[in-house]
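One chain, subunit A, links the two complexes that follow: it is found with subunit B in the first and with subunit C in the second.
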Partner chain A sequence: MQLKKLNLSQVLAVATSSLLAGTSQTVLAVDNNNDWQVDSSVLFYSETDRVSVVEPVVSARKKIGDDEYLKFKLVADALTGASPNGAIKTSSAQTFTTPSGSSTYTTAANTAPLDPSFHDTRGALSAEWEKPLNERLKGVFSANYSQEFDYSSLGLGANFSWDVNQRNTTLTAGVGYSLDQVKPVGGMPTGLTAMPTTTSVSKSKLGDTDDKTIASLLLGVTQVIGPKHLLQLNYTYSNEDGYLTDPYKILSVLDNSGNLRGTNPYLYEKRPTTRTRHALYLKDVKQFGADVLQFSYRYAWDDWGILSHTLDLRYRYELNAKNYLEPHLRYYLQDKADFYYYNLVDGSIPQFASADYRLGDLSTKTIGLKYGYVFAENHEFGIRTELIQQQAEGSAQFPDTDAVLVQLNYSFTF
Partner chain B sequence: MKPIILCMGLISVSLILGGCSSVGVKAWERGHLAEKKMQLEPYPLDSFLDDHIYFSKEGSSGGRGAGGGGCGCN
Partner chain C sequence: MLKDFHVEPQQGFYSGHFFAMASPCELLMETSDHKLAMQLTRIAWKEANRIESKFSRYRDDNIIHRINHANGEPIQVDQETTDLLDYAQVCYQLSEGLFDITSGVLREVWRFDGSDQLPSVDAVDGVRQRVGWDKLNWNRPHLQLQPDMEIDLGGIGKEYAVDRVVQLLRDKTDISVLVNFGGDLCVTTSRQDGQGWCVGIEKPLYHSSQLQASNENIPTVLELKSGALTTSGDARRYLLKEGIRYGHILDPRTGWPVRDMPSSVTVAAATCTEAGILSTLAMLKGAEAESFLKQQEVKSWVMR
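Now for the complex of A and B:
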């Protein structure tokens, strides 16, 4: 056994070059005497008339020493459907070129333009090494890699948690760094240049690939309030640098009469090359009898001008010792980015512009229900379904997005 | 400054709602806190998938971890 442990440690020493973004954790984590814990899940996500996603995930955690663990997670992602291209609907049909430039698609009159060629597959692998550094200090070192046909990402991270105050308080600090590469289909269009409307014209390009880096920091404190009550407060910061534009999104340009201008009616979007984000996150976990209430609030802001509030509420209602139901409500409200425009106007093209609705004034409402069944010691099944509705707020005009998700979980130890 | 004030206010409210006269527990009072359902992230895959969905559908992200990126979806 000792030999086996040493080998794993050697492997880990190499893999430590490998860290990733740790999550703020409390030292209260559940332990058990089994060597392996496996969590598996499959997500089905579908938007009305738009994108559908199937995403299986498997996570395996192996105990390799006293309070020392090695964890691997494998994720696959298959995405198909149509995605808004950023142009506005008009009273006549509109024709656009696909990102490759080799074909066109036409949107009917009075219909929101969707790019039907949108599809993606993604695979991701992450590894995590959790090691006690002394009696009160724990380190989690991690790495992840993901690959899409037009995007790849390598992330490293380290997360430390320190128990103080008779283990009633846990202080957490984490750092993460990610190096991403963008390789869009058809190359990266030059920002705010015209999207061709026929295949005989080529778009102006910046190049075929570009990079983006993300450095992030977490500072957190978790406090035991009472025998059935926990409170967590986190601050997170991230700095993104590089190609942050969506190479597939465009904006419509209207003339002074409010009609699409005659020449070059669509421009590729252009975003700044840096972004600094901040978030304050508060979570409260409290037990009432056998039931558990989880409440969280997040206040997030960034230097693109986006400011958001997120409220999340889950109540785990124990039907009996083996069955539980957990209703879930979530509400998200966002102010738009400074460079978000529903459309542009001829003669006043700004330095940066995007019509991506995800940067606009919007709200998201989620309602869901989960059912869980613990059918043997350390074996648990769960199923949840959620309805998600996104809609424009304020003067924003983009159409609503409705989505439904179903997720199946199965966890066991051995 | 405003968010810090907001957060301190929220902590105060939470403490008051908790009805706590003293904060913290002794070692023998940790039975409930050790239960899976009382963990901050009792079902990490649920949290992971939620983060992935909302990261790709909304302008803000972060709060739970020092991660970010890893996906060309936003």
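Now for the complex of A and C:
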């Protein structure tokens, strides 16, 4: 019989430090068997008067050798409800055609226009192979596929981590590539052309399908600061190329007196066909006795002019050996894209334009709490509730959106 | 009964002495302050005695006794015992059964008195049925043994005591102290001049006429600046039959002594507990001791 040569002394060091600290927490993390370790969860997300999402997830991980693992994950999403179509509210009722062009819907006066036909289901499957390449180098190779009725995505990735400095420092480098295909209902509208307001007119189309590719690169450092303190810094770069526009979103066009213009009052949005994104991510994990404090900050920017900050704070509080609570606070702040417009003005239509609130000035506050119950090693139940408030800054057009998220999860081995 | 402790001034430092856990225990303290040396030695002496009385299997008033005499009933244990049992479980799992705190009952058939009295295969097989961490039920904080099984934390107790004492001393003082419980050593912090504490390694006597070439590179004195050093060996207790030495370290999986075992293994690690497990496991690996230690990437010295 061969002792597990790669991790024995490391696991021993972790177990010893927890023994001497008077806490047996890390013992739970010791992976000693070849069983399937299964995580299952279901997430319910609901925005007031808008989108609802139900998302079940099952993932299973199995040890297939010394520090070698296979992991599979299956995700399903079901979205229903209404989503803002991009038009502004006006003092009179407004009529829009649905993406298929076969029907219309009408929004009452002084009401934000929502597209009621918004619904989607998505299925995604991913597989991951974690393989030690030598004593210090580990590779994780992944593939994923997802399918919606109007979108599909195929991705491949490889991630390498290299332990240096007596395993106190881990250097990480990864690359990813995904090829997506868009096939919108009713085809892809030509950007900044009129949305028909009756079913008797058809929209101008670019075609029925288009592609999008995403190439990404990750560079990271994880540093052990002390026996109970870890710091992680990542840089990610990604380059998107292809059809990046939302085919279902429009903008209102106002005349010089501030009313909807008489002819063609709505134009389909149009975004650039490339996007280069950068992000810096810093994470600090510290253990206090049995409790764990996790803080992260993410700074992201792209060549669309979007710039964002994300602050995230979690504290895992051990009530006793079996029960824990984890409060969670998150704050997200975003500066809008250069081509984000609340509405357009007749006579000065720009090259690119979108009124998608997700590209606008935005802030999101999240407060949440998780309760976990540990039945036994690798056997745990958890429930997480979060209240999310989204504010589109400086715009009376989009009132605050409140959302509630509830997630139940159960993990076990067999 | 608690035995007393005493301190002695040395050349530029103080030493503290007492006897606990069947071993001579020693502290070397980089101070010329007699009062501080007394304080520190008292801390170490109290903690060593606390751990010994709590976890010794030779007493009838502690948690180990209650566990070993529960007649199959589950026993609820305190947090410190939970942590040690969790740790023993990790060691059992990591070593795939080589390290097993239930293996003590094998001593019922093995008596290492230097004679040629080997137990019969049947006797070993019989007692082996009562050995195996996988046969007990550890549902923290409840431990349930089969009625005829026993646990013994002796395999990690002394090293754990050293580490606990080191922690207590670090909380108390910034000076450098070497804690040495019967050859299991740990330093609290480096000495002021950056020098280490000099530590002798015992070379096995019975081999002195036929030391293998590889042993000649092994130092008899090591300088310990930080971290811990432990030595496992079977130099003193063995059986000899038909030219084969049967060392006193038994493989819990077979019930028989480990074959081709080194005569001693010394390991350096951050803590005594870690070093102790690695040196014990290296012994149990027998002929593979050197390659095992090489894989662990720890500083180690093997004598054969």
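Observations, loosely collected:
Keep in mind that, in the parts below, the second predicted complex is superposed on the first by the 378 of 414 C-alpha atoms of A that agree within 3 Å, B and C clash if a C-alpha of one lies under 4 Å from a C-alpha of the other, contacts with A are read in each partner's own complex, and residues count from 1 in each chain.
Here is the rule we go by: contacts are C-beta pairs under 8 Å (C-beta built on N, C-alpha and C of every residue); 3 or more make two chains touch, one makes a residue touch a chain.
Only a predicted model underlies this, so the values are computations on that prediction, with no experimental measurement involved.
In the superposed pair of complexes, A:N144 makes contact with subunit B only, with no contact to subunit C.
After overlaying the two complexes on the shared chain, residue contacts for A:S83 are found with neither subunit B nor subunit C. In the superposition on chain A, A:A321 makes contact with subunit C only, while subunit B stays out of contact range. In the superposed pair of complexes, A:A376 makes contact with subunit C only, with no contact to subunit B. Within the superposed three-chain arrangement, the count of touched residues of subunit A is higher for B, of the candidates subunit B and subunit C. With both structures placed on the common chain, the touch criterion links A:S252 to neither subunit B nor subunit C. Residue contacts after overlaying the shared chain place A:R358 against subunit B, while subunit C stays out of touching range.
Overlap of the subunit B and subunit C interfaces on subunit A: residues 20, 22-24, 30. Of all residues in subunit A, those touching subunit B in their complex are 20-26, 28-30, 39-41, 43, 45, 55, 57, 59, 73, 120, 122, 124, 144, 146, 148, 150-151, 153, 155, 157, 159, 165-169, 174-176, 178, 180, 182, 212, 214, 216-218, 222-234, 236, 238, 240, 277-287, 292, 297-302, 304, 306, 308, 310, 316, 324, 332, 334, 336-337, 358-359, 362, 364, 370, 382, 384, 388, 390, 401, 405, 407, 409.
Taken in their complex, subunit A has these residues touching subunit C: 1, 3-6, 8-9, 11-13, 15-20, 22-24, 27, 30, 32, 135, 321, 376. The part of subunit B that touches subunit A in the complex is made up of residues 3-4, 6-7, 10-11, 14-15, 18, 20, 23-27, 29-41, 43-46, 48-49, 52-54, 57-74.
Contact residues on subunit C toward subunit A in their complex (touch as defined above): 79-80, 82-84, 86-87, 89-91, 93-98, 139-141, 160, 163-164, 167, 269-271, 273-274, 277-278, 281, 285, 292, 295-298.
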